[in-house]
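Got a structure for you, questions after.
Should a chain be cited, it is by its letter among A, B, C and D, assigned in written order, with residues numbered from 1 in that chain.
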Amino acid sequence: MKRIGMLTSGGDCQALNAAMRGVAKTLLNSGEKVEIYGFLDGYQGLIYGRFRLLSYDDFSGILTKGGTFLGSSRTPFKTIQVPGPDGVDKVAAMKQTYYKLQLDCLVILGGNGTHKTANLLRTEGLNIVTLPKTIDNDLWGTDMTFGFQSAVDIATAAIDAIHTTAASHGRVFIVEVMGHKVGWLTLNAGIAGGADIILIPEIPYDIKKVAKKIQQRHERGSRFTILAVAEGAISKEDALLSKKEYKKKLENYKYPSVSYEIAEALSKTGGFDVRVTVPGHTQRGGSPCPYDRVFASRLGSEAGNMILRGEYGFMVGYKNREMVKVPLEEVAGKLKMVDPESSIIKEAKMLGISFGD
Amino acid sequence: MKRIGMLTSGGDCQALNAAMRGVAKTLLNSGEKVEIYGFLDGYQGLIYGRFRLLSYDDFSGILTKGGTFLGSSRTPFKTIQVPGPDGVDKVAAMKQTYYKLQLDCLVILGGNGTHKTANLLRTEGLNIVTLPKTIDNDLWGTDMTFGFQSAVDIATAAIDAIHTTAASHGRVFIVEVMGHKVGWLTLNAGIAGGADIILIPEIPYDIKKVAKKIQQRHERGSRFTILAVAEGAISKEDALLSKKEYKKKLENYKYPSVSYEIAEALSKTGGFDVRVTVPGHTQRGGSPCPYDRVFASRLGSEAGNMILRGEYGFMVGYKNREMVKVPLEEVAGKLKMVDPESSIIKEAKMLGISFGD
Amino acid sequence: MKRIGMLTSGGDCQALNAAMRGVAKTLLNSGEKVEIYGFLDGYQGLIYGRFRLLSYDDFSGILTKGGTFLGSSRTPFKTIQVPGPDGVDKVAAMKQTYYKLQLDCLVILGGNGTHKTANLLRTEGLNIVTLPKTIDNDLWGTDMTFGFQSAVDIATAAIDAIHTTAASHGRVFIVEVMGHKVGWLTLNAGIAGGADIILIPEIPYDIKKVAKKIQQRHERGSRFTILAVAEGAISKEDALLSKKEYKKKLENYKYPSVSYEIAEALSKTGGFDVRVTVPGHTQRGGSPCPYDRVFASRLGSEAGNMILRGEYGFMVGYKNREMVKVPLEEVAGKLKMVDPESSIIKEAKMLGISFGD
Amino acid sequence: MKRIGMLTSGGDCQALNAAMRGVAKTLLNSGEKVEIYGFLDGYQGLIYGRFRLLSYDDFSGILTKGGTFLGSSRTPFKTIQVPGPDGVDKVAAMKQTYYKLQLDCLVILGGNGTHKTANLLRTEGLNIVTLPKTIDNDLWGTDMTFGFQSAVDIATAAIDAIHTTAASHGRVFIVEVMGHKVGWLTLNAGIAGGADIILIPEIPYDIKKVAKKIQQRHERGSRFTILAVAEGAISKEDALLSKKEYKKKLENYKYPSVSYEIAEALSKTGGFDVRVTVPGHTQRGGSPCPYDRVFASRLGSEAGNMILRGEYGFMVGYKNREMVKVPLEEVAGKLKMVDPESSIIKEAKMLGISFGD
């Protein structure tokens, strides 16, 4: 008999339901007696004891559904360790729920912030297994996260749509792509969408070189230019600032996101008429793409197996086409970034794409 | 022997190529000898004599392509009548190109602004046939414009994607939909996407009633609320302002669009955490949906027929499922708006949708 | 207080759930007290008294779902009037269930066969309101049925996909499109997909003319030809047969559908290498397109209104952009076919499409 | 100065154009002087000297286009070595064209059959670089081929669409998936589409076990069952036959594909009403998915680089997330099959999927 808790935390993304279905079906088909408790709205459900005992039917028909049927919430790691306005000691409350339900293990699906808290709970003595959920693909210890490919598909569709407008009007267009502090999503959607310029956090840009690339395209007869810009893109000058200084600069910025600033800078530098499109939250929504459905199902199934074998303290990862166990202490607090010297960057440059460097 | 000019003007949209293909194939398959000249970048091409003689092959394989292979530009009606910085008398220049090429007729694809200029050229003695192109569906004299249904599809997909995120996080989400000064696009995408609240220019909203609707949903156990907001949505107070006053107010507004203002107002009024998504120009781009491909092909074919019969001075429209000829003087300068008393609005209200009125 | 029964009958299609949601929300939001009973698997549920009392929640989140949450079944009109193997008098059993539950009205969603039975129940004294469901668009009394546009979208996507293969290999391809005995679906998908030849039941084809059209295309340098063929397409010779003779001929036919026969005939007549693709049941499945979601919601809402007003014995139809009430006796047993002399056929021919006539 | 020939051979698939664009842009952006000759319709163009000198513009705007702009043809390896009906020695003719144009290298995009011929040309002394094109993912020496993920997406969409119909009608449905003699495509689309039973060539099925699985599902209250069946699926009995015997059996088979045979067997064994859907050639068509666009672009870019470095005789492959050079003699004539003991099969079984073994 196993008693399992399950929760999804952080920004939602595609294939969360597929992953949970993978865990649950593997456990419930195993022959062993298993009870699965679903905590509502992420760590909040664990803190405040809000949960449901889940049955096989809860996991039927959810493979293709976006979002998470358990709900999610962002609970910053910084605040999880300080008491809430209600005076609740959150870590203690989570442990209390865990022990009260006599759980054997907690399955946690989340991204970077979530993994910090998951690792904290591990050090507090709880059995934890995690799954790598994020459209940003920035989790350490795994080549791929689920949600990523679905987000690439949506961001690429946005660039595709903008292509026809840009070509018809002979305009410069920025499509701002999500990805938090890393460039994976922008890099892949940018190449897939045929962007001419790709700006990512890992390669700070020189606005003059960006403007020059646009100029060159126009001189060679291209009527339009498309930029795929990561929401975390940063200029060479800003990259020299301290974290604190840069944060302050962003806060004083008049536009809702960095792309508008780049558009303004390009307008000043090169006199271009630049339009900005921000697909925003649509990139995390909707039905997962087939790749993510398969990938999340497989990860979930492996997590189920690990639980059956009593292996705890790991994230299920994917390295060199193999499912692997990654110790939580190795995952927490690290960021997997795009290497500016990697082959995909070199290949993109050979295709004629400028990174503004 | 017929000599035809063709141009696309204003913001691009889906099925422009399909419509031009419809005109051209009908003319070129008719047995009559026809020459088709394509003017580049809208009226600019007519003014400055930039054109290409087009062949059958130019219209092959373009049925499914977004944008316009002739290029387009926005040339405001106000400026078309005043000389450019280069001193060019634009109307005279357009007439000169027309007569120099000995054109029998000019086929113009465009929306409201475009039709004002088209009608002006008609009064100047040119033979004109127009096609109703706009994602806004706001052209007088036709039940439907091409581009509209494709834009509905894209805006609906955005609402669908936001749905899973809103449901997972229990949030209030605004999806801002295009449509210029009318609500057709928002109304249809809002119903199709299952929006709880729809705000359109034709029904000024009371922010307190909007907040109350959200409140009621939360009280009844709905974790989230989705608003489909037209880019031209207006509050009851602002609707009382003069055009000039309202324009000034918008110019002084700190955010890039009206949805952010509504989000802020809802935050102040009801304490809601409201997120805004703006699909923007993606709504005009990409491959036309099958509905628009058929519709634009049919309109184009009818235009071709009218030219073969020497019937000029009309827009090809669609009324009560029949192709009709609408005199240009009736189209120019008018706006087709959503009637707040129409059956679709009543039905939407019966479905439980609030318009904030 | 109103007690309403609801069932979906015949082949499923997109937007059945959207339509039922429209009926239910309108009734449940009306202020009047309403009970809705959902019968399972079409008339079977009514005959055998299998039903569920439905709540508001049953209709939440189903707008975008394909299929029907009540289940459906094909119960041929011919057999509904003869006792089953279990000796059950089906019509009597349906009436018994209706009266036992003290229903005020039965809402029936279905196509042609379904409407015959619905009309029979009306003549037996039951209050009936119906909704026009079919991908075939062949219901008399309405310009449009829901499911149709979604099926057009899917069939068009199939033709689009085949286009690239046909062009790459220089082949003749048949895409067989559903539509039962009428050509609406094939006609629209064929125009939208850029088919070169469209064969529909309403215009019997001459195989020699079809072969000649292919030949002409090849002579003019077109490497490939795409035929959109209705599953009910018929040759000029077969159109002369009696119904009985033709049925017998079809039964003795060695291939699963008519397209293979046409492929073989083209191979014999013109020596062409013809490939056949049959998207089949995929045309009825998946999420309804935005057009169908809006349309089905509106029809459902009007049905709800009619029930609130106590107007029974009608199908809710759509004529000249207005919602209309069509007496059931006018609908039952009739077929709405494509008029070979209609403007859409003429336009398609002007675009260069051959109908093999 | 480099003179490069390029051709696409075998069944077309998605991202062929993207891959060729990758090769060409890398070569043309390299600074070195390069001429690229495109041979039409695969090896036919090489044999009969049909080609075009290609410019940068030929590779613009083709990233998202399905098919191959050079055309393709199936030229079986067996016949390439015997003279044609015109007496042409094909191998000699290909060499002659190669030397006449003074080519430095031939870039060949194709699948298994294509690679046999490519390797033959290599042994004849030509410089060859190949790219792994196939929706079957069955090429030896690479973890992935381009076209595969796009085909998975389409096959999954078909299963998704069938899901709603199967659920509504309580039916057993077979979706027949391509993949030639291997199960990669069916396995991935089957898992992604939530198929209950997956039949692939690598795991011969026992029809009784398949029937039993359906029976069990019905007993547990599932109204429907979906089978994803590979076009190359084979029963345990047939797997014991010699190749020759099996081929003969298939030829005498009355239905167009194996799924109909399985449907009939299930009908006989378990009395099930089984429907068959065959998406067919749609699986190779249409715009490549973003994954394939990125992947094919990268492979193409690496091929371009290899040519610049003068490295010939290789296929560009992808192993453990690295671009690799695979000697052509290792690729030719081998098949990469699904390992029945691999982790993905085990995971699928834990999810409850039956393989009929």
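Observations on the structure shown:
Operating definition for what follows: contacts are C-beta pairs under 8 Å (C-beta built on N, C-alpha and C of every residue); 3 or more make two chains touch, one makes a residue touch a chain.
Values in this document were obtained by computation on a predicted structure and should not be read as measured data.
Touching chain A and chain D at once is no chain at all. Farthest chain from chain A (centres taken as the mean of C-alpha atoms): C.
Computed from the mean C-alpha positions, the centre of chain C lies at a distance of 35 Å from the centre of chain D. Note: centroid distance chain B to chain D, computed from Cα atoms, is 42 Å. Between chain B and chain C, the centres computed from C-alpha atoms are 31 Å apart. Along chain A, residues 160 each make contact with two or more other chains.
Taken as a graph of touching chains, this assembly forms a single closed ring in which every chain touches exactly two others. Shown are all chain pairs that touch, namely A-B, A-D, B-C, C-D.
Remark: chain D residues 8, 11-12, 14, 16, 41, 65-68, 71-73, 154, 157-158, 160-165, 167-170, 173, 223, 254-256, 260, 275-286 touch chain C in the complex. On the chain D side of its complex with chain A, the touching residues are 21-22, 25-26, 29-30, 63-64, 143, 149, 152-153, 156, 160, 188-189, 191-194, 289-291, 293-294, 297-298, 301-302, 304-305, 320-323, 343-344, 347-348, 350-352.
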